[in-house]
Every structure is written in structure tokens, then in C-alpha cells.
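Alright, structures below, take your time with them.
What follows is chain A paired twice: with chain B in the first complex and chain C in the second.
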Partner chain A sequence: MTNQDNADVIVVGTGIVGCLVAEQMLDAGLSVLMLEAGPRVDRWRIVENFRNLPPTLRLHFDAPYPPKPWAPHMESYSDATAAEYLQLEGPNARAYRQGYVRYAGGATWHWAGICWRLTPQDMRLKSLFGVARDWDFDYSTLEPYYTRAEYAIGVCGPSDPALQWPPIRSKPYPMGPLPFGPGEQRFTDAAARLGLKNVPAAQARNSRIAYDGRPPCCGNNNCIPVCPIAAKYDAATALPKIEAKGGQILANAVAYRVETGQKNAIEAVHYFDPDKLSHRVTGKVFVLACNGIETPKLLLLSKNDRNPNGVANSSDQVGRNMMDQPKLVAELTTAEPVWTGVGPVQGSSVMQTSQGDFRGRHGGALFRFNNMARSTFGAVAAVRKGLVGKALDAEIRRLSACTAELTIEHELLPDPNNRLTLSNKKDWLGINKPNIYYDVGDYVRRSATEYSVPLVRKLAVELGATDIQVSTEFTNSDHIMGGTIMGANSASSVVDLDCRAHDHPNLFLPGGGAMTTGGCGNSTLTMAALALKAADAIAAQIKRS
Partner chain B sequence: MSHSYRDDAPADFSLFRRKILVGGGLLLGGFATISNVPSAAAEALPADFANQFMEVSSLLIPHKLDRDVGLRLAAALKMKDPAFTAHVTNLIDIAEWKQATIVEDFFSDVADGPVKDTALLIISAWYIGVIVDAPDADVFAYELALMYQPTIDVMTIPSYAVSGPNGWTSQAPPLGDMPKF
Partner chain C sequence: MANSQNLLYWLLLAVAGSAWAAISHADEVPADSAELVIRGGYLAKAADCGACHTAPGGKPFAGGLAISSPVGTIYSTNITPSARYGIGRYAAEQFARALRRGVRPDGANLYPAMPYTSYAIFTDDDVHALYSYFMRGVTPVESPGPRTELSFPMNIRASMIGWNLLFLSKGPLQPDPRESDAWNRGRYLVQGAAHCSACHTPRGFLMQEQRGQALAGGQVGAWYAPNITSDVNSGIGSWSQEELVQYLRTGDARGKAQAAGSMGEAVEHSFQYLTEADLNAVATYVRTVSAIRDPGDESSRFAFGHASSDLGRLRGKSGIRTDAGDASGAELFQGNCASCHSPLGQGSKDGYYPSLFSNSALGSRNPNNLIATILNGVDRTTSARQAYMPGFAGGPHDLAALTDQDIIRLSNYLIERYGRPGVVVTAAQVAEVRRGGPSSSLIALARAGVAAAMIALLLVIFVAVKKRKITR
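Now for the complex of A and B:
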């Protein structure tokens, strides 16, 4: 056990990255102290919060997680509330309303659990297509960490290589795939008629069996915003394990400054408690895993005489290259029922469309059938029509069954102009809010106009759509990447190939911020793999010292 | 509430998102029990009016209705609109005059206006579980809200499992097979 102000490893953030690092450190015999800005809350409370939301508010996955005054996060249910914390500007400001919650357990509380890997090509965009950057290691370097991450969090997926994405693996998934409901099967059949393969997603959801002390998925169709039974991995499930191994977790501890000392090593992290009292914690190694927005924000907040642009920022790349997968959504009405709401809220995607020689001109895209139950949508719409009796029931059933949603997520390139800086506006504690400029760029816009929107229309027609409405404004996918970008060259990147800050030998910044490029799939498994790679490096470094 | 829960924040900032206001009574921390325990206001509802509300609800909605949900709805609707009681009586009178047993028997005889609006509001509340679908609205029913029932043979009520591990398939019944509820 540690005392409250010192440990071998200080981990800031209790999301998937922080928790994976913490467990590895504890397993290596090191002491760990974790700081979490937000509260630590029982699962049942989140579930009850969700059930007691008015119907339309239930569609906002952050709504069951009201922020604490000292740990604000974006509240999406209105433009006014959304504008309170994240300060957004630029042509696609709306598309960077990133919906992470600042709670112990982090954004995996409300993730869908999807675990795509990058492909070898996704990591070599410069070499293969002349755009963006190459990762400075290849897929074969990352592959063992992907596998370890899949076993650490419990990922299910198909054993047939023809259904795997990508089918380059050193071990099978720890569990087999989950079944499709009717809607996903119909979408799969429709895609197949167009020569496209809708493959079962690798997902951190227990399939058929219990895994790591968590039960099998029972199809509660509520992965977003919370799995009521913890069949889906979320980092909240890791917190008791960390404590059982001797780790210490301080909730409601808002890190606001990283202190540097001799040789520019990190000496301490300072945090505020809810009484606005400041505390200082010291350690041998410091890991900032606060997510792709909060980590660069904390680095910029920590500027000092030795590091006038912020900690870890001699390259001026901290907060730049902010990425996501810009999303468009097609709303369909179909003549025949499609049906959603059977099984998890997401379970598959067309992934082959993320790859191709076109990537020199425009980005790839994935296509996903959204499997969230449409009954709330159908009922609210039918009731508003003023129908009664049998006509009302029939219309609810029709609108619920014969409507569907297809999501497109686009590949975005790292662009240094997409930049997080500190806003002059302050939060409840007096800490600067993050300000982000965001333009999805022509690479994404061309993908939409030339490639993804025409293709989603074909998919919709093949699914039997009689009406197709494709959104015209990009929105967020909540996959925050790039703000502490990785590379071998310290002049153009923030962290080295182990997510160690180039400027500070004992500071590690694993997670989405380190990702050099993001591909089309969500970033979580890559973040987890980078966490494990960093954990190996930290353990070796402390052992050496 | 006997159930202990964890929220490490100081009590002034505990997680209870909203205070549940029903019939003038505050139910603090009532999230876990809202669907099961009638509020004091609902319990204080005159028995005659409670019966009238359930009667008019049954005339407007041809399904099994939970009385506890009904009492809470009645109390809240009565407080919201001073004319609510009169509208309920009016609707029952029209239904009796038409010797109605289901809504289709008499609804076309309800003139456009406040009484018809009340009828639609009662139906809407039973189906979607709120009187108004707005961010700060009180929720009167979740799993008992009728909106899930027309698709209950296929769709999950979100957060409630309908089967066991991997116990679902891609099969679905015809659209015309309306579940009985």
C-alpha cells in the first residue's frame, strides 16, 4: 500500500488506459497511486439515472453522468449546455463535441465496446499513399500488444479469418462472436448483395461465457450509455481489482499542474480536492492518461520557466493533430421491417471500405448498422401524431421496426492546425477550459461526397429504404486522438515509441493522444495496446533505476 | 431507501440528478423506487377521482394499466391543470353516451379543444412515461411505459435482458403480429 502522497507510479486518470497501466505496474511489484478528477459511483446508480431520464434525454449517452462542478464535461442535450465546457471553433466545431465523462472508469462506462485494430496499411499512410505520417513502428510491433489487450479486457470475435478485421493475428479471440439480431443480419445480407462484407465486430463483451469475473452478455441492448450487468468491459470493473492488488485510487482529485525538477524530470503532480484545497503527490514515474483532451490540457496548464510552451511541448505539438472519425448518419424508412434492439447496440461493420488506393485522395470509411432499440423513437413519433387505440400501437410498431440508422465514420488525417489550446474561460476550480479548433479537411469532405455518401445510399436502397435522409453536418465519434502525437523524431512529436515524453524521462502519455493516425475504427483497442507497451517500458525503466 | 450506494463526492454534490416532485411532495433520491412506491400525493388522491382516472384511462387505452403508475400520473396531471378533473368527467360522459368500451367507439365524438388535448395527454403519458418530454421532466414509468409493448416480441426494453447468454437470433415475427398487452 502507498500513503496518499507518494508511490512508485502516479497514474492520472482511471479510464481504460490508466487502469491497464496500473494493473501492470502492480503485477510488477510497484506501488501505484491513481488520481481521478471525477466521482466514483456504483453501477446501479448510473442504470437508475438512465431509466429515470425523460425519453429524448435517454438518447444522450452522457445524460446519466451529471458532471461534478470540479470535473466538468460536455453535456450534449442542448446547444447551450454543450457549449459550457468544451470551447469549440473552426469550420467543423460541432464535430468535436466529444462526449467523454469525467467519472472513475472514464469513457468506457458508455462506450459501445467495439475493438477494431488498425491495419498495417493504416499505419503507413505516408509511404503507401503520400499523405499524413507513418507510424514509426509497424503492425507486427503492435500486434502482440493488441493480443494482450484483447485478453486483458476480454474481447470476443470470430474465429474464421474471413470474418476477422484484420485477419492478421497471433492468437484467437478469447471468446467467440455474439449472434446477430434481425437488423444486423438483414444489413449483412444487403451488403453482401453489393459485394461488401459486414463482419462481426471484435467487441469487449463477454460472449456465452463469464470472463474475468464479469458475466456473459444477455442482450440488454444498453451498452451505451451503461451495461447494467458489466458484461461489457468498462474500466470501472478494474477499479476493485486494482485496489485488491494494493493500488490506491483517489477520486475527486483534479490534477491541474505537473511539476518538473532537475534534468527536467517530473517531480510531482498537484491536484485540487472538492474544497479547492491543493495537494501534491510524488513518484518515480508519472503517467497521464486523462484522455485525448484532458491530457494535452494538463500539459499546457503546466508550463514553467524551463518548459515555456507547456510540459512535454518542446516540439510545439502538444494539443495539435486533434483527430476523431467524423461521422455522418443516414436515417432510413423501409417498406419491410428491419428491426433493431436485439443484442448489443453495435455488433458489426463494413470495414473493407476503410482501405483502398483512393487514400491518396480521400479517406476511407466504415459503415455500421446501429442496433439500438428504436422503440422509444417510434413511440415518441407516433404519439405526436395524435393517434389512438389500435392505430397508435400499429404506428409505434411500424416506426420502430421499419426505420433504421446507418452510421458512416470517416478516416481523418492528423493536421497540426486542428489544435487544442487553453481558453481564457475558467471552470469552477479556476482551471482554463480547453479550446479546440477543428476542420475535418478536404480529405474527409471528399470521402463523403465522392465515396461514403453515395455508397451509404446504395446500402440503404439494398436494405429496402423508401426514404433516406443523410445528415449534412459531420458530428463527433468520441474517439479522441493525436494531441500528444507519437514519433521517433522529438522535433515533430511529443512522445517516443513507448509513449514516453521526449522531454521528460519519467513522464508517459499513453492512449489516444499518442496515435499517429487513427484509421476508421474506434481507437480504444489501439489505446489499450499502447498502454500495455508503455507499461512494459515503465516497469523496465524503474527496474533499471 | 435501504440500498446503500457509492458516490465518493461530498454530500452537497451527491449524484442525485433531480429532485422528484410529485403532488407537491419531494421524493429525494427516489430514482430506484419511483416506479414502485406511490407518492404521498398519489396516495392522498381522493378514491373517487383515482377510480375515475383509471376508468378514463381504460377507455382511452385498450391495455392492462398499472394502478400505481396511474395514481402518480393522475396526481401530477391534476396539479398541472385545474380543469383536469372536469375534462376526465367530460370524457367519461361522452364514452357512456356512446356506450363505448374502447377508444375507437367514442374518440371521434370528442371535439377538438382542451378536452381532446387532455385525452391525448393521458394517452401520451401512459405510453412514454412522462407528461412532457423535456430535460427536467419527471418520469412516471420506465419499464411499465406502454411504448415498449407494441414491439416487445422483438425489441429489448433497454437495460432489461430478454434472454440469456447469446440467447437471441436474427429471426423476427411478422409486422402484423401485434403482441397482446
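Now for the complex of A and C:
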């Protein structure tokens, strides 16, 4: 029986990882209690929040998700608000303004739905190129979980292996690919003239048919910041399914301490409600699924006599190796219309550029034509020119059609110096805010100067650009990885190969934090695969005991 | 299209024929039986046997589908040729009697959830074809379905004998020589296999189809099967032959109506498989069904409304409204519906998303189909495509959990802006559709009748006892 203070499995976090684990546990006949720091909000209210935003706020993807006082997240619309919660320092502090929302459903609310897998090479950087770490299992171990994750969330993708990335699969995608919009097709053609293949992205978005009760994509082109019809998977769609299976979800429950007991096993999780009252929940197994920032924060907050560096931190690796894909963007003006905006906001990338022998010296990069409609950019720019009337209308149309954006996402290596610690600054509940030091490192900088920026300029010219502005400051991709890094060696990693904490037999930390290396693509599908691998281990462990 | 449909039919014939040849014994059956089985299979499609006798995800014709009726839940039975659990032991005459008279070989009566009052007009030839198909073209499934156990007094199957005496009147039809072959074929299909009246003819107090009200519209569970007589205002008198055929084949007549609920199932499981000639025959006949006008219908339900929106009034206010309380109908529409049906309600250019104006669900005087669509969504798959709309009732697979009050505000907004002025959705209507439709007063009345008799009996005993006490 699940009640509000005990269950077989306590899951902290209701994002994609927490929800996948919860569903697996319920299917295995175990009781589940989920704690979510933030509120649970109806999709249509978020959609209306978004549509009521003034144009200048629309590009801030967290804007339709105002944080609750007890569950702050970064608000990106100004430097001042952005500095409120995440405390950032280091040469590339700006590049770690990670946009995740503390809402039931988590950051998948505003992801683009892109589901790249790592390649076998991405998992063996040390052996192949002498940099970073190897994963302690290989691609073939992860592959069945990738496939299960694709079927769990509904991923569409091409059936032609020549268009798959990587084309090493045990089963076809559950759905066929979405077609390219005209802008993406132009970019694909331009890349092909340079000998590069722009391939359809595997994406958790329904193509032509309903999947798991969610309708097919109808091309609203605002996957970011919210799919208004849930054609894109987000974990909010999993919440009622979890409840229908008997799972219990407590929103506005801010976990702030993990309690250890005999044999250093986890005894309980403590949380605050919005009235600042503390509650304690107990279970057999505890899963912290708050991704690479909130999970290490919670572990560090939980230090006690037995675990003086924080829970799960005998290796001193909790909070280290913070990763993302540092991003640069090229803003283009073209003579002829490019026509972005038909279909989802992202639908393809050049992926072959993420691989190569150069990885001993610098990181790989992916190149993406951003398919977000340019009307917002065009309107803001045209208004700023002071135009009115027909001239304004004409300029909005021209800028919407004849501008485009190419994105470069770089591969970053795990570096222990890129580190999350607890800030002395406290939030509304009196909980320490996270502080992160971040330097993208020479591996990324060399990639940009020697490799990716010259190549993006060639792509832009080939696309017909008459003006090219490449950003010079790296920015965040919101792909948080590394804070609870995985490995077989308990001296140099936080979790084992099932995402179980080396220090605590009943504590699991699946998700992006566990990723040993990150590659160039979105980390979400790897997080989901690790969640399913952990779920198998948890179910087996509870059955044994 | 016609050619491809016919081609499909003959291909099916060929494939099914070879499949049948593989499982049958050539020395036991006459040479023409393969085609007989195929014809029976086609008739089983036309009669939509699978709609009820196949459970979702279950084996074909193995039964087990729960059919909620106003008198309780009826489970469909296994009609595969399994000797133990199905109809494998039925002789041809017994099969015919069950199909056309609603009587099982053991003499027990079927409930009229099985539309035997319609199937009563099946010709002997067609019954024979159906029998051949069910005995030889269907794979036996060796498992029993759940038993139907209605509450008292509906559990007394013999009560159907009286019901049949009253309401089972039809026998085979005589062709009308004044009408075309297509019309006669259409009448045979509409009144028989397609059993249109089972839903579209209103039911009377004893759940019988009302005489004189043929196809004038009736409530079926959560959905309202509207008037499909030839009346221009109340029925489908404004539809062209092509529109009707298109609707039957795809469930979509653009700018008029889209099939959902039981009609969506009928299109998916039955009509889309009929030949172009049969669909035309159905349309030919339906367009001649005697017009019945609902006195309140001063104009057609397909012709209300136009593209418009309240966006100008809604947008530009202070941005964030996450915690705002009850939303207006306009906000609910923009947040839940407009992303597919467009902010102006005109649907999509390709017609995948229907317009909300010129739409039967919003133009009808009975708003139940609008409510049922919002609550239950639409899921209708034809060879052309899947037409899909999620529900908004708060189920595990629904897109939202709208409350009854949300649905009242949303429906009334939609009707006012895109539908028939003056129609008002009430809390009672929303609650009833959410429950799955009205329940019959029959049980309550029958039970009340029995209770009254019991009370009378008790009174008699009481009086008798008192008398004895007094006399003692």
C-alpha cells in the first residue's frame, strides 16, 4: 500500500527519468511515491502563459513556467534574474545558465524532443583518442535500453540505415520520420554540396499517428517552450498514467535531506512543503532523479557524520565533471527566402562531424539548422528599426523569410574542476543555492577555432548567406551531465554501472548526472536508457531482499 | 477511387480464398464454397459483427467486449467455430434462428443488443454465406468470454419472448419494382446488415425502435446518433450522394460532419470495406428515407457559424496566468483546442482538423456529441489515415483533466461562437455524458413494480395476522 510517507520505492523528481523508473516499478508490482519540488500545472495554462508573453520574452523558454518561491529555477529573461538562483563562476559561467524548470514533468516540458544515441566511439574516448574516460560498459550493453526507451516515449526516425545515427539498432524506430520543412531541406542540400549529410533527427514526437494516446504532430512549431498538444513526449503526460497504475505523486514537496542509517543504507528523505513544514518519507529503495544539478546539490546538502563530504561522495566526485554541449550560433541573412518554421523547431543535424581522429586534439561538433519560425525574431528586429505601417509589415515578412540560424553544439570532456558546490546564498526555504565553476576548456575552444566555426561559415555561404554573424561567447544547451559520474571504480566515480551509489546499496542516481561522457547530441535518450537499466536493477534488488 | 476499392475487394477475395483453401478439406465441400465463404466474410463486415464480437486487442470474433446499455453491461459472446466456447456446434438452421430471431439453440433468448430485429431481413442465401464464413473462414478461439449478468428483472431472458412478440415483426423484404436495383440493395443493407436503425432510430419505453420514427435520431451511450432522414433541416437532405459516400468510406464529410463514437467504429470496421457500389446503394436509399423534421429545426445543423475569434480580447494582458482560477470559455478554447482547430476555429487547410463552424457537433440542437467529443476524443482509422483527437476527461491517456464546469464553459463558448445560437449545455448533460450516457428508467420501474407488489403482499399478511390476534 502506498501512503504519503512510505512506499517500496521513493522517487525524487518527476521528469523523464523519475517517471520512467516509476512506471517500471509499478509494472513490477512495487509501490511508488514521487516527490516533486515544483507545482503541477495544466498544459493549457502553460500554453496560454506562452501565448500571452510579449515577443521579447518568447525566446526565454522558462518564461511560461514562473517558479514557485519554494522551488526556484533560473529565470533567463534578464542578467539580474538569471543570477538569482544558479550561482555561476569561471571563464565560461555564461555557458552554464541551464534552463530547467522545477515543475511536475520536469525539463522535458520545454525540450525539443531530440533523441540522439551516443555512438560506440563516443563511449571510448580514452581508448581511442587518449582523452577523458571510457564508459565501463560498451554500446552493445546500452543498445537494448536505448531501444526500450525509444518505445517507452515514442520516438520517430528513419528506417533507412544510411539516414540513422548511429545505424546500429536492434529494432526499427516505433514510427517513421517527420518530413523536412523547406528550410531544413535547403540546408540539407547545401550540406550535401559540401559532402556532409544532414540526417533526420530521431525525435520523441509522433509522426502521422497517435502513440500511447498522444496525437500526431500538427506543426505548431513551439515544441520549445511547450508542445500544446503533447505530440512531443514530455514527462507531464506520464503523470496520470503513473497515478492510474497506483503511483502517488506529491507536488510542492522539496526534498532537502537524504538520511542514512545502518550499513550506510538510506533510511528516509526529508522534504519541505510550501508552509515550510518538514516531512519524512521512508522506503526500501530511493531514486534521486533530479538530474545533474539538483541531484548533486541534494547529496551535498545531506552530509552527516558518516558521510562528511555529502551522501554518496566518498570519491569526492559528487558535483564534479559538470558537462553540457557548449553552443555557438551563426545568424544568417540570405538574399533568397529560406523559409524556416514548417514542422518542429528541430528536426535534423549534421552528425558525422561529431566523429573523427581529431578527437585527440579537439572535440567534435554537430551542426543544426534551427527550424524555429523566424517571425518573432523578424518582428522584434523590425520594430527596433522604428518602422511603422506597410514598411513594418514588409520588413517583418522579409526578415522572417530571409534570415536563418545555424547552431553548433560542441563535445565537452568531463573535467573534475568543472564543479558544483553549495553556495552560501540560500533560497526562500533556507536551502543553499548551487554554485558552479565552469570552463569549457581548450578541447572545446580548439574545436571552435580550428574546426566548427570555419565549417559553419562554409555551410552558411552554401546556404546563400549574404551576412554571417557567429557568436563569440559559448552558451548553454541545457544538456546537464556529469555531476554524479558513473564508473566501475568506486574511488573515481559516484555510481556503479546500474546508477547505484557506490556508498549506499539502496540509493540510485540515474540520469544525466551519471553520464561518463556526453558526445555532441542531446543527452535525454541516454538518460532514459540509464533510467531503464537502473529500474531493472532496482526491481531485481527488491525481489531478492 | 471506385476502381481501387473494387480492386481491393477482389484482392481480398483472392487472398481470403487461398487462405480458406489451405484450411478446408477440398473433398468435403462443394467447389463454389470458397466464394461463398468470401461472400459471407464480406457480409460479416457489412453487418459489423466484429464491432461487438471482437474485444479491443482480442482475437477476432472471440467476444468479451463490454457493451454498456441503459439496462446494464452486456458482454458479447464468442462466435468463432469453437465447439466448446463458440458456435461450432450450431447447425445451419440454428445459426439462422439466432441471427434472425434472436434465439439460441438451447432456446434461450438473446438480448436485443444483438440487432436481430435488423438481421431478420437477411435472405436465406446471405444467411447461408454468413454461416459458411463463420464455420470455415474464422479461426476457432478456445476461450470463453465473460458472462452477461444483468440485474433483476433484466436477467430473465424469457422476458424477451414477450418483447419479440411486440417488436420483432420484420421478415425478408420484397424488392420494390418501382425503385432501382441500387435503391433496393441500399434498403436491404440499411435495414439489414448495416442495422442503421439500431442507433439512429429513437427507442421507446421498452427499448424498442419507435415505429414511425425511423432514423430520426437516438442516444447511444455517450453519443447521439443524429437524424439521418431526408429532411433538409433535421436530417441529411442537404447532402449530396458523393458527400454521403465519402462520409461512409472515411467518416469525414468536410464542412458538415465527422464520425466519432459508434459511428467512427462503424466506418472503421465496416463501411470502409464496402464496395463503391454498395456505398452508393446505401446513400441512394438513405436519401429517400421519409423526412422527419424536429419542429425546432428551422435550419440545418451543418450550416451554423463562421471563422472568428476572441484573440484580440484575450492577448496582450499581463503575461503569466498559471495560477489564475476558473478560465473563461475563450481561454479554455485557445489553450486546449486552437492549437489544432486554429484560433479562428476553421481547422486545417487539408481538412485533417475539421472546422468547428459548419459542424454537426456544434450545430445540433442536442449538444451531446460536442460534450462526448471533448470528453472522449476521436480515434477513427481508415485505409486513408488515422483521425485522432485526444480526450480531455482526465483519464490516463487524456490530454487534460477538464472539470464538468470547464466543459460547460468551453462547450457553451464553442456553441455560441461557432454553433447554433440558443443551445445551452447544462451540468446534468455533462455529468450524464461523462457517465457514458443515460440509464433506462426501465429497471427502476420494474423494480418499483415488484416492490409495490411485495408491499401489497406484506400488507395483506399484516392485516391477516392482526385479524387473527384480534379474533384470538
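Following the convention adopted for this analysis, the second predicted complex is superposed on the first by the 540 of 545 C-alpha atoms of A that agree within 3 Å, B and C clash if a C-alpha of one lies under 4 Å from a C-alpha of the other, contacts with A are read in each partner's own complex, and residues count from 1 in each chain.
The rule is short, and it goes like this: a residue touches a chain if its C-beta (ideal position, glycine included) is under 8 Å from a C-beta of that chain, and two chains touch if they have at least 3 such contacts.
A quick note: this is a predicted structure, and the numbers were derived from the prediction, not measured.
Legend: residue contacts after superposition of the two complexes on their common chain; A:57 is shown touching both chain B and chain C.
Contacts of A:488 after superposition on the shared chain: neither chain B nor chain C is touched.
Contacts of A:401 after superposition: chain B is touched, whereas chain C is not reached.
If you count the residues of chain A touched by chain B and by chain C, you find the higher number for B.
Within the superposed three-chain model, A:45 lies in touch with chain B and with chain C [touch as defined at top]. In the superposition on chain A, A:209 makes contact with both chain B and chain C.
Contacts of A:343 after superposition on the shared chain: chain B is touched, whereas chain C is not.
Using the contact criterion defined above for the overlaid structures, shared-chain residue A:194 touches neither chain B nor chain C, since it reaches no partner. Once the two complexes are laid over each other on the shared chain, residue contacts for A:228 go to chain B and to chain C alike. By the document's definition of touching, of the two partners only chain C reaches A:241; chain B does not. When the two complexes are laid over each other on chain A, chain A has residues 39, 41-42, 44-45, 47-49, 51-54, 57, 64, 66, 208-209, 215-216, 218, 220, 228-229 in contact with both chain B and chain C.
Remark: chain C residues 314-322, 324, 327, 331-332, 334-336, 339-340, 348, 352-353, 379, 385-386, 388-390, 394-401 touch chain A in the complex. By the touch rule above, chain A contacts chain B in their complex via residues 39-42, 44-45, 47-58, 64, 66, 68-69, 77-78, 104, 178-182, 184-186, 206-209, 215-222, 226, 228-229, 251-252, 274-275, 336-337, 339-343, 372-376, 378-380, 383, 386, 388-390, 392-394, 396-398, 400-402.
For chain A in complex with chain C, the touching residues are 39, 41-49, 51-54, 57, 63-66, 208-210, 212-216, 218, 220, 228-230, 240-241, 243-244.
On the side of chain B, the complex with chain A involves touching residues 3, 5-10, 13, 15, 17-18, 31-32, 34, 60, 62, 102-104, 107, 119-120, 123-124, 127-130, 132-135, 137, 139, 142-143, 145, 147-151, 154-172, 175, 178.
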